[in-house]
Structures are given as C-alpha cells and as structure tokens.
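First subunit A sits with subunit B, and in the next complex the same chain sits with subunit C.
Let's turn to the complex of A and B:
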C-alpha cells in the first residue's frame, strides 16, 4: 500500500540560534491509519506536525534531505512544506488540525457557529445562510447544545471541552482526509479528555480519516493509535505497533514514558 | 432566551448613560466654580483697574456675585438646565449659548472629517506595517509619522496651504463654503492637519496590537482551516481595534477645545477661536458656555467610544454590567 504521508529526512532548525530541533526524521503514514507521535516537550513532535501541515511556526526553517528533496510528500504528489512550492492541489489530500489550547484557538470576538460557518463557506463553497445551518448541524452532532441553532455563543461562554468540540468542527468543516491533532486533550479535565478522545475515534472511523496524533501522554496515545512513533530530542527513538511498543519497549526512553503514566496503587482499589 | 440578554444589554447601556450624566453634573459644578476660583475679583478683571466702585458693584450684580453662594449655584443650574445657557455674554451682550451654537457646526465638521481621515489613514498603514514587520514599509510607517509629529500644526497647515491651495489650487486657502460639498471641500486641508497630528499614535498602537493578535493561537487555527487571507485579516483587525479606539477617544477629547491653532491658520469660525476671544475679554459667562459645551462633546464622544467598544467586544458589555452591579 502506498503511503498517504511520506516524511523523509525532515529537519527543522531555529533560525536565530541554528539549533536543530528536528533532526532528519523519516516515517510514512498509510491511509486510514492513526499514528501517535509521543515524546516530552522539546522532543520536536509538534514541530513535525506543523511541518507536515505546511505551517511551521515563525522563526524556524524546514528542510529535507540531500539534493533539496521535499521533506514531506503526499500520496505521490509533491509536498508543500515550506509554503513556497506549488503542490498539485487536485491530488493533494486535504488536511486539518486541532490544537492544544481549545479556548485560545478560537477567535474570542466571533460566535462559534459563525466561525465554523466561515470555514464551511470558504472551503465547501456554500452560501452564507446554508453554511450557517450546516455549521450548527455539525456542532450539535459533535455534542454541543441544540440552543446554538437559535443563538450563537462566544468561546468564553463555553467550557474547555465544548471549545475543543468547536475546534474539531472547524477542522471537520474543511472535509479533511488527514486530521492532525496537537495535544488536543492536554488542557482538558481528565473526564472530559476521555469523551473527546472517544469522539475523535468515532469521527475517524465514520469519516475514514487518517490521523496523526501528537501527545506527551503515552496512555492517551495508546487509547487511540494503531502505531506509535516515540521521539526524543528531535530524533525518532522507537517506532512500532502500539501493542508492541507499550508491551515490549525497546528503548529506555519509551520505558520511562510508560512508567510516567500514573497508576492507581493496588492498595486503594 | 432573549430576555436576559436584553436585560444585560439594557443594564450596560443604562450604566454608560448614568456614568455620562454623573460626569456632566460634575462638569457643571466645575464650570460654575470657574468664576469663583479665579484669584481676585472677576468684576475687577473684566472692567480693569480704573473701574469706579459703582461699575464694579454693577458688574457684581450682573454676574450674580452679590448673592450668597448657594443661591448663585441654584440660579446657575436653573438657567443651565432650563435654557442650556450660562448667561449673557459680557462682550457681545447676547446669549452665550447662542454664540457657542453658532460656532459649533464648524468645529464638529472639523473633528468629524479629521476622524474619518484618521481611520482612512491609520487602518491600512498599521495593517501593512504589521504584515511586513521589519520590512521597509514598516520602517517607513514608523519613521515618517514621528517626523510629521515633530512639526507644529500651524507649520504643517501653512505648508499644506502653500502646496494645495496656492500652488496647485485644488483646495481653498481658508474659510468655509456653503453646502455639504462646500463644507467637505473647505475642511479637507484643516482636517488633514489634525489627522496628521493624531495618526502616529493610532498607527503605533494599532500596529503593536495587530502584531500581538497575529501571533495568537486562533490565527493559526484560521490559517490551518484554510481561510483566505482577507478573511483572516478581518478577524485580526477586529481583535486589534479596541485599544486604538480607546486611545482615539481620548485624543478626540483633547481636540474638543484644541482646534484653536488650526482654526486660526485656516480662518475658520469655530469654537476654539471663540474660546480664545472669550478668555482675552474675560467674558466669564461665555467661557462657561464654551467649557460646558466642550465637556458635553467630550462626554458624547466617550459614550460613543464605549458603545462602539461594546459592539466590537461582547466582553466589554458583560464587564460593565457586572461591575455596575447588574443582574448576573
């Protein structure tokens, strides 16, 4: 099977200091697969995701391997990782992303239905009225209150979990083939985390999404992903099917991540 | 569903208006005290040192200074509330209010036109500068306004007259012309002078704020969702507007009594020149009238800014309602 996303010798450096943040990372993601990238902050996992999206943060440079080969390619087509190349739009898969801080990721002055509707209007080419109705439908289907149909709410009037549902709606409104998730549950309460994860899994299965899921929490990744990539200091230290990586970790860093998952002590059960 | 929302809106608007009325009341007291706070005898100042005692007594009577203080205040407030007047002008022997009202249109036109110009100049400049941060456009936008800021208004005015009125003959040298188009035509240069003095602050505040907002997470979300650049800019601009709007509100307040220089340079009969002549003539009732109506103008502007702020940002409305003990 051909890979949907092909990452080859992806290198990200800080422009100011020249420090290497992601050091020649390569991996493939196949269609329909959910791959987790796990590591601590500073391991380069989020940068890798942003490079795949083609929107690296300001102040970093993205490069590929020798000979100026594109570091990220999709479905055989040329990648557009630095935003300058002209990717064959017709063949390139659609990507969408959801982010770590659900409240800050929404425009605070714009109602959530309006925000989602705007994406629908521009990306699906619907009329103003039509996109508003579709946005409300989408939000309600993702578990937001029915009352949104009648009256829009601002992000600060919703909870963190509700805002992340809006974030997911913004992403799904793009009608993506690939959903990139950057620590989407980290900022949420534990009970809410679980519900959002289940919602993500449900949408992935229903829409046949390919997913890349970045987290520092191996437990969360194991819950959702079929394959794991463990990153440390800009390198991939271990990769393999989730069950194998969690059950039989080869690298000491992976073992430490597994130990870091909080267990409920036997005595209190 | 809409009822509590309406109530919150009404609480907010009511709060804004009550606040404004309080300020107006305080200003009225201050304006009343102008005459009492002047060191020495106001009548003496009006009439000069050679005035005869009966003239002084007569002036005391005209200014109401022979009455006890509370009665003076009561009658001042009474006339102000019922007729909007502060008494007959000493120099012109007509109602002070009528004099101010006669001059008000020109000043309002001047301030209104300059406000429109400030918006028209600041928004695109600040946006362009912020989007090309560090580039030559940005440097230009940051340096040029500072230079024009260093030049006094009367000089900028004279240069504009020389270039656009004398040499190119596209705008009049001064004065006003009848009709709306005539007004716009005569206001072009003077309002440009005022706008040029204000834009540097607005552009700076706006540019900084736009840069902050451009770095916000939600901009990344909108980009990731693939919205076109102009749609993203709309979100950014709206989120950047509030501080600049509040700054501008303060600047315009200063302008209410401060268009004097521009009025002089362009020979406009506005409130500024009226205030100037009132002060020179020690025309206390007229000074009071100008002060009162300028203060009303300032209050009106701040109410407008508050309401505009509430329209831009719903949190302004909520905060106001909450802090004023609204039902929440």
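Let's turn to the complex of A and C:
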C-alpha cells in the first residue's frame, strides 16, 4: 500500500542559531491509520506536524535528505513542505488541522456559524445560504446547541469545549483525507477532553479519516491511536503499535515517560 | 479531637452575585496533606488564596492551630507559617532578582537565620536550599531566565521552604511541567512531607497528582465540595455523581 504521508529525513533548523530542532525524522502514515506523536517540550513533535502541513513557523528552515530529496511526500508526490507553496498541490491529500487553543484559533469578531460556512463555501462551492445551513447542521451534529440555527454566536459566548467542536467543524468542512491534531484537548478539562476524544474517534471511524495526533499526554495518545511515535530532542526514539509501545517499551526514554505518570488508584474490588 | 493545623470554616467568596466559593469547610492536620481536585472554575484556586491570606472571603474564617487569622492583614509570624507555590514559576519569580535574592528575601524578613545573619550564613543556607530541591548550589548569582521551567518551579519551592513553613499551599505546582519533570517535583514534595513533617494543601486538576501526594481528597464543583474522603478509597471507588464522572473521564485516558 502507498503511504498517504511519507516523511523522509525531515530536518528542521532554527535560522538564527542554526540549532537542529528536528533531526532527520522518517516515518509513514498509511491511509486510515491513527498515528500519535508523543513527546515532551522541545521534542520537535509540533514542528514535525507543522512541516507536514507545509506551514512551518517563521524562523525555521525545513529540509530533506541528501541530494535535495523532499522531506515530505504525499501518496507518491511531493508536497509543499518547504513552505514556498509552489509544489504540486494537486497531489497532496486534503489536510485539515485542529489546534491546541480552541478559542485563539477562531476569529473573535466573526460568528462561529459564519466561520464554518466560509470554509464550506470555499471548499465545497456551495451558495451563501446553503453554506450557512450546512455549517449549522455540522455544528449541531458535533454537539453544539440547536439554537445556532436561528442565531449565530461569537467564540467568547461559547465554552472552551464548544470552541474546540467549532474547530473540528471547520476542519471537517474541508472534507479532509487526513486530520492533523496538535494537542487538541490539552487546554480542556478532563470531562470535556473525554467528550472531544470520543467525538474525534467517532468521526474518524465514520468518515474513514487518517489522523496524525500530536500530544504530550501518552494516555491520550494511547486512547486514540493505533500506532505511536515517541520523540525526544528532535529524534524518534521509538515507534510501534500502541499496545506494544505502552506494554513493552524498548527505549529507556519511553520507559521513563511511562514510569513518570502519576496514577489514579485502582478499585481493589 | 486534636486541633487541625490549618482549618477553613464556612468560607464563601463572592464576585458580585456569583459565589466562587460557597460555604466550604476543610481541615489539614499537622503533617497531613489534603488535595482539592476539580475542573476549571470550581473555585479551587480561590480557596487556596483564602487559606494563604491573599483573598478576603465574604464570609467564614481561616484558623491556624485553632486560632482565627485575619483574612488578609496577618502578622508576619502567621504569614511565615503558611507559604504558597503558584502554577506558573515564570510569573511568580522576579526576573531581575538573582536566585540568592529570591531565596534570601523571605529568610531576612522573617528572621529565619536570626536578627542579623552574616552574608556567609545566608549564602550557605541558600546553597543548602538549592541542593535540597535538586539544583546546583553554585547557581546563586543566576537570574531565573537561566533555568528551565522545572528548575524555576523548584526555585519557587525552595523560596517557600526557606522560611520553614508548617503548611505549604500549592496551586497546580506541576501543571506547567513536562511529565518527567512533574515526577521530580512530586518526589521532592513527598520528601519534604516525610523529612520535615510539612503539611500540604494541594490544588490540582490532576487526580493522579493528588493520589501521589495526599492522604485525603476533596472534589470541588461550582464553589462547593461535592465529595471528600481518603485519597485511595475516594479515587478508587468514587461516589455516584460528579466525582465518578470526573474519575471515569480521567481513567479513560489513563495508561
């Protein structure tokens, strides 16, 4: 099977200092897989995701292996991971991303139905009226109140969990092949996190989405992902099926991450 | 019945008509550790600030060794005995002060080393404190920015411990830290409890952190304590209702 995303010798360096932030990372994401990239601050997990999206942050340089080989290819063709935007877009799968801060990732001056409708209008080519109706349908299907059909709401009128549902709606409105998630539940309370994770798993299963999920929380990654990639200081230290990585970690760093988790006491009965 | 070290009685904090904390009572015994768990907006941090004398409640009282404390204007001796550590070490350490000044300020104010300690004695105690929290004793002339987030939190902890408090009020002390660094700070707090009999009022949204450090746990929601009991039994077998919903949600993503 052809990988949906193929990452080869991906290297990200800081332009100012020349420091290597991601150091020759390689992995594949197969269609339909949910892959988790796990690591602590400074591991390079988010930079890897941003490089795949083709939107590296300012001040870093993205490069591939020897001979100028592209660091990120999609389904056989090269993407625009160097951020210049002149690579063959047509070959790239449709990607959408949801972000860590659900409130900051929305436009505070624009109603949420309108924000989702804009994406639908642009990506699905629907009329203004049709886009709004579809946006409201999508938002309600993701657990936002029915009252949105009548009256739009601004992000600050919604809770953090509701804003993350809006973020997911905007991502799904793209009708993506692959959903990139950067710590999507980190800013949320644990009961809200659970609902969002359930929702992500449900849409993934129904729509056959491929997911690449970046998180510092090994438990969250293990809950959702079939395969894990563990990163430390810009390197992949371990990769494998979730049950194997969690149950029988091969690398000392993975072992340390697992041992450091503070557990909730188990019921003795 | 023995008098608790720290006690809150019927504490209520209002912001206008909204009760951030609504008639909460709790007690921390000498050398004991109580964890307050709950989600955003439950009133956990406000409660911690009342205990530390940083917020004046609309009603209720804070007692230390059975004696009622003023809500805010406490005596220096009372302030010394209740120290606080905050979630974000970046905003709780003065970025222009050296580690020496950060650690020595409280000691000099509270006369922990006697009325006019020699500079060499202050330095020696500062180095001892740094080593106690697992940092290099030779770092006294550095500014906070020379340290990582986890190291800065350990400096904040050393500052609180410098004046030999009886109880530490810790508001999400490990929430901004990576999990491996979090483990170091938890171990450090556990060691202070064991070696110095330091009592702890720990505010956290992380049930695993509460279980790691606390004898007892109280679950807060919307300003009230909705469940309380020994950490082992309460978290292992929470009562039906919100406490169980919270534990189940946390357990769903536990390894």
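Quick note on the criterion: the second predicted complex is superposed on the first by the 258 of 269 C-alpha atoms of A that agree within 3 Å, B and C clash if a C-alpha of one lies under 4 Å from a C-alpha of the other, contacts with A are read in each partner's own complex, and residues count from 1 in each chain.
Assume a contact is a pair of C-beta atoms (placed from the backbone, for glycine too) under 8 Å apart; a residue touches a chain by one contact, two chains touch by 3 or more.
All values reported here derive from a predicted model rather than from experimental measurement.
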| item | value |
| --- | --- |
| Subunit C versus subunit B on the shared subunit A, clash or fit after superposition | fit |
| Touching partner for A:156 - first (subunit B), second (subunit C), both, neither | first |
| First (subunit B), second (subunit C), both or neither touched by A:193 | second |
| Contacts of A:223 with subunit B and subunit C, given as first, second, both or neither | second |
| Arrangement angle, subunit B at one end, subunit C at the other, subunit A at the vertex (C-alpha, nearest 10°) | 80 |
| Which of subunit B and subunit C A:147 touches, first, second, both or neither | first |
| Touching partner for A:256 - first (subunit B), second (subunit C), both, neither | second |
| Touched partner set for A:173, first subunit B, second subunit C, both or neither | first |
| Partner chain(s) touched by A:266 [first = subunit B, second = subunit C, both, neither] | second |
| Three-chain overlay, closest Cα atoms of subunit B and subunit C, distance in Å | 11 |
| Residues on subunit A lying within both footprints (that of subunit B and that of subunit C) | none |
| Subunit B residues touching subunit A - in the complex, by the definition given at the top | 1-2, 5, 215-218, 220-228, 231, 235, 238-239, 312-315 |
| Subunit A - residues contacting subunit B, complex | 53, 55, 58, 95-97, 99, 101, 104-110, 118-119, 122-123, 147, 150-151, 154, 156, 167, 170-171, 173-174 |
| Footprint of subunit C on subunit A - complex, ascending | 40-41, 160, 189-194, 197, 216-220, 222-223, 246, 256-269 |
| Touching residues (chain side subunit C, partner subunit A) in the complex | 39-40, 149, 178-180, 182-183, 186, 205-209, 211-212, 231-232, 235-237, 245-255 |
